[in-house]
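So that we are looking at the same thing, I have put the structure below in C-alpha cells.
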Amino acid sequence: MNLIALVVALPLLGAFLLPVGARSVGWVGRLLGPALLLLTSLVVIVLWRDSGGVPSHIELGGFQPPLGITFYLDQLALVFALATSLLALLLWPHAAWRDARVAALMLLMVSAASGMALSGDLFNLYVFYELVSVASFGLVAAPKTGAALAATLRYVIISGMGTVMALTGIALIYTQTGTLNLAHLTLLSATTLDNTLGLTAFVLILLGIGVKAELFPVNIWVPEVYATASQRVSALLAGLISKLAIIVIIRLLVLLFPQPEALTLLLVIGALGVLLGELAAWHAKDFERMLAFSSIGQLGLVLMAFSIPGQAGLFAGLAVAMHHLIVKPALFVLAERWSGGFAGLAGAGWKSPWAAGLFILFALSLIGVPPLPGFWAKLMTLLGLLGQDNWIYWTGAGIILLATVFEANYLFRFGLGLFKAGSESRSAKVPVHDAGSLGPSLILGAVLLIATVMITPVGNWLAGVADQLADRELYVTTVLGAGRELP
Amino acid sequence: MSLLDALLLTALGTLIATLATVRTRWVGYVASLGLGLQLLVLFLLAPLGYGAPAVTSGLAWDLFGQPLVLRYDAMSWYFALITLGAGLVSSVYATGAWSDHYRAAGRSPGWLQFALALNVFTMLLLLASGDFLSLFIAWELVSWASFLLMALAAGPALKWSLRYITYATAGAMSMLAALGIVFHLTGSLNYADFMAAVDQWSVGLITLLTVLFGAGFAVKMGILPFHLWQAGAYAETPGPGMAFLGAISSRMGLYGMMLVWVQLIGLIRLIEVHIPLTFLSLRDVLMWIAAFTIILPTYTALKQNDARRLLAWHGIGQGGYMLMGILSASALGSAGGILHIFNYATNQAVLLLAVFAVVYRTGTADLNKLGGLFTRMPLTFVAMLVGIIGLAGIPPMNGFVSKWMVYRSLLSEGMPLLFVASVIGTLGTILSVYKLIHNTFLGQLRLEHEPVQEAPWSMVIPMMVLALIIFLTGFMPGIVLDWVAAVQAAVGLPVLPHTLGGVADAHGGLDMIMLVLVLFAGFGVSALLFYATGRSEPVHQLDNYAGGHFLSADVRYHYSDHFYAGLMHRIGHWYRGSFLWFESVVASLASFLAQWSATFYRLMQPALPMLAMAVIVLWMVS
Amino acid sequence: MSDLSKIPIHTEKHAPEEARTNPLAGVFDELVRFAQSRSMYMLHYCTGCGAIELPPAMTSRFDMERLGIQPMVTPRQADILLVTGYVSVKTLKRIILTYEQMPSPKYVIGICSCTVNGGMYWQSYATAKKLSEYLPVDLYIAGCMPRPEAVIEGMRALMANIQSGETEPWKDYYQRYDYYLGNQQHLFGDNWQTPTDVIGQAQHYGLAGPETEGEHTRILQQYQQPLVAHKLRLK
Amino acid sequence: MTERELDTHLVTILRELESLEYRQTSPRRVRIDVTREALPGLLELLKGRASYVHLSAISCVDWIEDNEFELVYHLWSYESNHLVSAHTRIPRETARYISVYDLYKPAAFFERDIFEMFGVYFEGSPHMEKFILTEWDGPPPMRKDFDAEAYVQETFNWQSYHPDWLKELEEEGGGVAIRPEEVRR
Amino acid sequence: MEIGKRIADIILMPIVAFVIGLFMVLMLRKIAAKLQRRVGPPFFQPLIDIIKFYSKTTQVSHGLLHDIGIIMAVGGYLAAESLLPVPGMDGLSDKGGIITLTYFLMIPSLGLALGVGQCANPNGSIGISRALTAMLAYDIPFVIVIFGVAWHYGTTDLSEMISLQQAQGWGAFEMPLLALAGLFALQGMMGKQPFEIYVAPAEIATGPMVEMGGKYMGGLFVMQCFQLYTAGVLYTTLFLGGGTHWLDFLIKIFAVVAIPMMIAFTFPRYRTEDMLRLMWKWPVLAGLLGIAFVMY
C-alpha cells in the first residue's frame, strides 16, 4: 500500500540527482525524467487496480493519524496522480531534453503536484503547493526573454501574496482546532469552523490557492505568463496544475466548510471569472492570449459547476474539469506552431489540414456541441444551476449561456480565419504542422473521441468518484478508523 | 428494428459512403443513390402520412438518467418527405455537369455532397426527436451541419457563416435555458410530463417558455428580429446547397415551433395569455411578428440586384406566411400554413435551381448583367416561370391554394389588418418575382450571351420534375391535403375537411380542378382565336420602335436597373435599416465590454486584488 | 395655266393582287375592307410644318373620330403615315424606318406641296423633292399647309380607295423594293440599311414580286447580313 | 447714360486700339471695323470694360470677288441697351480663324454653324464637326461658288411632270420660277 | 343537367361579356367625345377596330413568348368571366369566391407582362413596371373592400352575396364607406385616365402596347372590353345587388362604369408616386373605417 509514497519520492529524488547525473553521463540527464514518470504512472496504475475502488490511507513515518503526514488514496486522488505523471510525460518540454535544470524543475513540480493530490494533511498540502509554485517560477522563466522575465516577476509577486494569505488561513484554522489532519478537522469543523471565522479562513485559503487555480481576483498573471512561457509549460500549468489547486479547494470545501455561503462565494467568483475571461478572449488579438483567457473562462465554469450543492455539483464540476484537462493542453500544443497574431495565420488551415481539423474538434467540444463530452459537462452544469431556486444560480446559468455565444464567435472567428483564401495564405511563411508537433494533440484528441463514444461508462465512473468525494464519513473512518462518530 | 431505424441507418450509410468517396468523381451518384434509398424507406413509412399511429425506434438509450426516445409521427413524416425531396433534387442537380463546373472553379463537389448528406441525416434525426434532450441534441447538430454547408464556399461565405453561427448559438443557448427551466419544473425532459404539468404553470412562466423556445426556433426560421443573417448566408452557399437550405433548412424552425407552441403548450393557452396594457394576446403578438416578417423582407427583396439575394429574402418573407397560417389555429388557416411549407419548398427549390442554371451558363447572377435569355435557355425559363407563378400564388400553381387558405381563414376569423398585411406581402412578391424573370429572361439579349446554350440535362431534369410537381399539386391539392390533415391530427389542430380539388365550404370553397380546367379552356379558345387569324412573322430584337432611332446591338437599351423607380420614389425613404442599426448597437456594446475586460488584465497592479481580498476578509470578520 | 383642270394628274397602275394569305379575309373580304376603311389609325409622327393642321382636324370642330380615325403613337399600331411638310434628308431616313415598322396594309398620305415636288424648298440641297420615289404614296393633299377640311377630304378619299380596294400601293413597296431601295441608296449612299428585313417579310407573306430583288438589294446585302429573329434553341 | 456720354465713353476706351474704324449706324447701334488680329482684344475690351456681355450671333459673309470672308460679331449690352457689331475680314482660301469660345460660350454653336455652312475652321472651338448637315458630304453649301439649283437638277429627277410649255422656258434658260431674263449668266 | 348547364354558362358568359364590353368601350369613347364637345365615334367603331386589327396582313411578333403572352391575357379574362355571376347564369362562382377572382384577374396582367417583356422594348418594360406598381396601388383598397364585404355577408361566394342582397337590400346602403373605397379601387382597376401612367402615349409610347400590332393589339382591345365589363359587374355584384333580371342589371353596370369614365376624361394623368399616395391615403382610410363599422 505504501508504494504510493514512491510516486512523490522518486521524482523528488530524481530532481536532485539529475544535475549530478547529467554532468557525468550525458544520456542519463535526458532520459532520467521520462523514465521516472513512466515508473510512477505504472505504480499508480498497479495501486489503482489493487485498491479496487475502495479508498485507503497510509501514514508516513508510523505516526498516528492526527499527527504525522498522511496520504488519502481515494479514486479522485489516484486519478489526478496518474493524470499528473502521464500529462507531464506527454508534454515533456523540448527545453527539458537539453537543459538538466529544466528537467529537474519538471520532476520537482510533478512530485509536488502528485503530493498535493494525495496528501490528507492541511499543512502538507501547503508545502506541496509552495513547491509547485517555486518549480513553476523556474519553468516559466526558462525562455529568458525580456517579456517572460517581466511576466514571471508579476507572477511571483502575486503567488507570494497568495501563499501568505493561505498560510494565515491555515494558521487561523490551527488556532481554532489545534490540529491539521483533514479527517480530524472534519470531526471538529462542525463545532469550531462553522462561524464567520471559519469562513474567513476558507476565503483566505481559497484566494491563496486560487492564484494557481486562476480564480477571478487573482488571475491577472495568467495572460502574460501563458503568452510568453513555452507552450508546453503553459499547457501543463493551465491544464494540470490549476485543476489540482481546485481539487484541493473542493476537498477543503466538502470536508471542512459545508456552509452554503461558501458555495455562493464560489459561484460569484466563478461567474465573474467566466464573464471577464470570455469577454477578454473575444477581444484577444493573438492565439496564445486567446487560449489563456479561454482557460480563465473555463476554470470559472469549473468553479461554478462545483458551487452547485450536493453530489450533482461535484459530478458536474469533475466532468468540466476533466474535459478541460484534456482539451486545453492539446490546444496549447497546437499553439506551438501557430503562435502570433491572427493575420499571420490566414489560410494556415489549407497548409496543415490535420491541425485545423483538431482545432475545430476541440473548439466544438469547448463550446458544447452535443455528441462531444463538452456538451454533457455543460449540460449537467446548467441543469444543476437551473435546478436551484435561488436567483443567483439562475443569473450564473445566464452568464454561462451568454459566455458560450462569445466563445462560439471567437473560436470560430479564428477557425474560419484558418481557411481564409487570401493571397498571402499561400505564401511560404505560414506556419505548417508536421507529425512531430502534433503528437500530443493527436493523442488527446483520440482520448476525447474515445470519451465521446463511451460517454455512459465514463459518466457512471465519474459519478462514483463524485460520490466518494462527497462522502465525509467514509473519509473519516478510513483515516481515523471506525468508532469515531461524526458530530 | 423498426422502419424508423432502417431510415436512420440508411441515412447514416449514405453519409459514410459519401465520406468514403469524397475525393472520387462518382461521389454525386453515391449520394443521390443514398438519398433515393432513404426516400424509398420513407415511402414504406407512408401510412404515417395518412393517420397511422407514431412509429418509435428500437435504439433508445438513456444518458445520465434521461431516456432518449426516437419516434416518427405524421408531422415528422411530412417534414421528412420535404427534406428528402429537396435533398434528392439538390444532390442530383449537383452531380454531372454542375460538379465539373464546380471542380473547374477550384472547389470540391465531394465535400458539398457530404455536407448535403450530413444535413439530411441531422434533419431526419431532429424530426425523430421524442423528448427535449434529443430535440436539443439534434437541433445543435442541424445548425452545425448547415454551418458546414454555408462555410464550404470560402471567401465572403466565411463572414456570413460566422454571423450565422453566432445567431444560431445564441438561439441554441436560449433553448438550453428553456430546457433547464423545464427540467427544474418537471424533473424530467420528456414530452408527456411537460404536457401534464403545463396546466398548473403561471401565465408568466408560459410566456417565458414560449419566448425562450420561440427565440431558438425563430433564429433558424429567420423570423423578424433574427432574420439579418439568412439572406447573405444562403446567398453565399454554393448552388444546390442554397436550393436545399432555402427549401427546407429554415423550416426546421417551424417544425420546432409547431412541436412546442402547438403540440406541447397548445395554441389555446397562447390565446389565453393576455399582454398587459394592450388588448392583444400572445398569439396576436406572434401573428403580428409573422405579418411584419411577410412584409419587410419581401420589400427588401424588391431592391436586391442579385438573383440569389432576392430569393433568399423571399425565403424569410414566405416563412411569415407559414407562421401566420399555423398561428391562426383554425382548420383552414393551419392547413394553409402547413401546405405552404410544401408548396414554398418546391417553388424556392425550382427558382434557385433555375437561377443557378443561368449562373452556370452566363457566370453571373447579377440582374443588371443579364437579359433576353428566353431564346437561349427556354427550359430553364419554363422552370422559373412555373416557380414565380407558384411563389406569387397565382392560380394554376400550388402556391395559390395555400395562400388562398390563409386568406380565407384570416377573413373568416375576422382579422382585417393581418389580412391586408399579408396581401401587401403577396403584391410585393408579385412585383419582385416579375423583376427577377424580366431582368434575367426577357428584354434585350446581350452580345456576349448570344452563344449561351440551354443548361445540361443533369440540371434541367430536376427542374422539370419540380415544375411538374408544382403544377400537379396545384391542379389536385387534395394529394398534399391528406398529409396535411394527418399532421393537423398529430399536432392537435382541428382537421380540415377537404376534397381532391381543394376545400368544399358552403360559404365560398375552392375547387382547383374545375378552375384550372376553365383556365386552360380559356387559354385554348384564345389560342384558337389567335392562331386562326393570319400568320405572324418573328422579327429581330433590333427591329423595335425607339422614336425613329436606329437601334444597334452594342448599345444596351434593356431596362433593368432601379426597376420600380416610381414605387421607390414613394417608399424609398422608408428603408432605414433599423434592424441593422440595432444589431450594430449590440455588437458595439459587446466589444466595449470586451475591451474593458482585456485592459482589466493588462493594467491591474497586483496590489489591487490583495486590497480587495483584505476588504473581504475584514467584512467577513466583522 | 389659267385652267387648272386641264393639268392631268399622274397616277400609276399596279399589277393585280395575288392570293391572300389571310383565310379570314377570304371569307368576308367585303367586311374586312369596310372595317379597314372605317377604322384608320393615324401615326402621331409630325415630320414637318403641315402637322399643325392635324390637331384641329382631330378636336371638336372637325372631329376625325367620326370617321373612325384616331391618332396612335407607335408605328406598330398605326395604319396611315402622314408625311406633313418638307422632307429633309435626315427626316426621310426616320420616315422610311417608321414606314417599314408599320404593319401592312399601310397607307401614306403626303400632305403639303413640299412632298409633291419639293414645294418652296425645291432649290434646297437638303430636302427630298418627290416622296413617291422613296415610299409608295397613296394620296397627296396639296396646299402649303392644307386646311383641316382639305385633310379630312383627303382622308375620305383614302377611305373610298380602301373601300374599293383596287389600288394597294403598300404592296408596291414589297413588289418593287429594288426600285425604292435604289432611290434611297442614291440619296443616302450605298451603306444605307434599316433593321427591318423587308425582303424576308415579302417572302414570308408571299408579296414578293419579280422586281423585289435587284442589284440595289445586292448592294444592301454587302453591307448588312439579314437580321433574322433569334431562334428558340435547346442545344 | 445717354447716347452722348456712351459715345464718348466708347471712344475713350477704344483709343487704345490702333487701326480701328468706328461708325454710329443708328441711335442704338455702332459698327466697328477692326483688323483680324485685333478682334479678340476688342471683344475682351468690350466685355470687360463696357458690359457687352451678350454675344447674340456670329454671321459670315462670303465676298467671293474680294476672295475674303467677313465675320460679324453682334454684341449686346444689357446695361446700356446698346448693340455693337464688330466686323473683320479673313482670307477665303485658308478660311481659318481663332475661336472666341473662351470669352463667350455661345460662340461654340455659331462657330460650328459657320464651319458647316462656310467651311471656316475656328481653332480652339470645342465642336468642330458636322451637326446639322450629317447627311451632306458635298462642299460647304452656303458658299457662293456652290450652285444649289444645279445640284438639285443633277441629284433629284423630281420634275417627272414635264409638259412642252415648260420645255420651251428651259431652252431659253429659265427654271419654273425664274424668268429667262433674270437668269444669271 | 347541372354539368351541362355549367358548361353552357362557361361558353355563354364570355360571349355576353364581350358584347357588353364592346358597348362599354363605345360608351367610354362617346363620353370622352361629348365631354370634349365632339361628335364621337360611330356605333360599331369598337368592333370595327378589332376586326381591322385581326385582319392585318403582316403581324409583327417578337417570338413565341410574345404570342403566349397575348393568349394568356385574353384566355385569363375568358376564364375569369365564368366566375362572375350574371342573371340566369352562375358559372363557376361557387367553385371559387371573390379571392379567387382577384387572383384570376392577375393572370392576364402577368401574361401581358411576359409578352411585353419578350418584345425587348425599354418603353414596354417601363410601362409594365408602372402597371405592376399601379396594381399594387389600387389592390390594397380593393382588398380592404373585399374583406369588408365578405365579412358583412359572411361568405366569399358571389352568387350567395347576390341572393343575400336581394333579401336585405343593396350593399351600398349598408356599407357606404366601403362603396366609396370601392369606387376608388374601381377607378384604378379601369386603367383609364387618372391612373393610366403606364399607358402614357407621349411619355413611353403607350407603355406595354408599344410593340403590339395587328392581332396582338386586337387581343388587347378584346381584353379592354373584358376589363371594363369585369370591373362594372364586380362592383354591382358587391354593392348594387347584382343581376337578377337583365334590364336592371345592364342599367346598373352601365351606370357604375359611367362614373369612373366621367372622372377619367376630366382629370389629367397622375405620376406613379402620386397615384400611390392618393390610392393609399383616402380609399384605404375610408375602407378601414367601413370595415370598423361593418365588424363592430
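Chains: A, B, C, D and E, in written order; residue numbering restarts at 1 for each.
In this text, a contact is a pair of C-beta atoms (placed from the backbone, for glycine too) under 8 Å apart; a residue touches a chain by one contact, two chains touch by 3 or more.
These figures come from a predicted structure and were not determined experimentally.
Trainee: Can you list every chain that touches subunit A and also touches subunit D?
Mentor: none
Trainee: What is the identifier of the chain with the smallest separation between its Cα mean and the overall Cα mean?
Mentor: Chain nearest the centroid of all protein C-alpha atoms: B.
Trainee: With centres defined as the mean of C-alpha atoms, identify the chain lying farthest from subunit C.
Mentor: Result for max centroid distance from subunit C is chain A.
Trainee: By mean C-alpha coordinates, which chain is most distant from subunit B?
Mentor: In terms of C-alpha centroids, the chain at the greatest distance from subunit B is D.
Trainee: Across the interfaces B-E and C-E, which one involves more C-beta pairs in contact?
Mentor: Contact tally favours B-E.
Trainee: Report the inter-chain centroid distance for subunit B and subunit C in whole angstrom, where each centroid is the mean of the CA atoms.
Mentor: That gives a centre separation of 58 Å.
Trainee: How many Å are there between the centre of subunit A and the centre of subunit B, using C-alpha atoms for each centre?
Mentor: The mean C-alpha positions of subunit A and subunit B differ by 46 Å.
Trainee: List the centre-to-centre spacing of subunit B and subunit D in whole Å, with centres computed as mean CA coordinates.
Mentor: Centre-to-centre distance between subunit B and subunit D: 75 Å.
Trainee: Between subunit A and subunit C, tell me the centre distance in angstrom, where each centre is the average of that chain's C-alpha atoms.
Mentor: 99
Trainee: What are the residues of subunit E that contact at least two other chains?
Mentor: Residues 54-60, 62-63, 205, 210-211, 214 of subunit E touch two or more partner chains.
Trainee: For subunit B, which residues are shared contacts with two or more other chains?
Mentor: Correct list: 372, 374-375, 445, 533-535, 537-539, 541, 543-545.
Trainee: Two-or-more-chain contact residues of subunit C, please, as numbers and ranges.
Mentor: Within subunit C, the residues that touch at least two other chains are 21-22, 24, 74, 76, 101, 201, 205, 229-230, 232.
Trainee: Which pairs of chains touch each other in this structure?
Mentor: A-B, B-C, B-E, C-D, C-E
Trainee: Which of the residues in subunit D come into contact with subunit C in the complex?
Mentor: Against subunit C, the touching part of subunit D is residues 133-136, 138, 141, 148-149, 151-152, 155-156, 158-161, 176-177.
Trainee: Inside the complex, what are the residues of subunit B that reach subunit C?
Mentor: Touching subunit C: residues 372, 374-376, 378-379, 445, 453-454, 532-535, 537-545, 548, 550-551 of subunit B.
Trainee: Going by the contact rule set out above, which residues of subunit B touch subunit E in the complex?
Mentor: 372, 374-375, 381, 385, 389, 392-395, 400, 404, 407-408, 411, 414, 416, 419-420, 423-424, 427-428, 430-431, 434-435, 437-438, 441-445, 506-511, 514-515, 518-519, 521-527, 529-530, 533-539, 541, 543-547, 557-560, 563-567, 569-571
Trainee: Mind listing the subunit E positions that touch subunit C in their complex?
Mentor: 29, 33, 36-42, 45, 48-49, 51-52, 54-60, 62-64, 201-202, 205-206, 209-214, 217
Trainee: Under the definition above, what is the set of subunit A residues touching subunit B in their complex?
Mentor: 154, 157-158, 161, 165, 196-197, 199-200, 203-204, 207, 217-223, 275-276, 279-280, 282-284, 293, 364, 367, 369-371, 375-376, 379-380, 382-383, 385-387, 397-398, 401-402, 404-406, 408-409, 412-413, 416-417, 419-421, 455-456, 459
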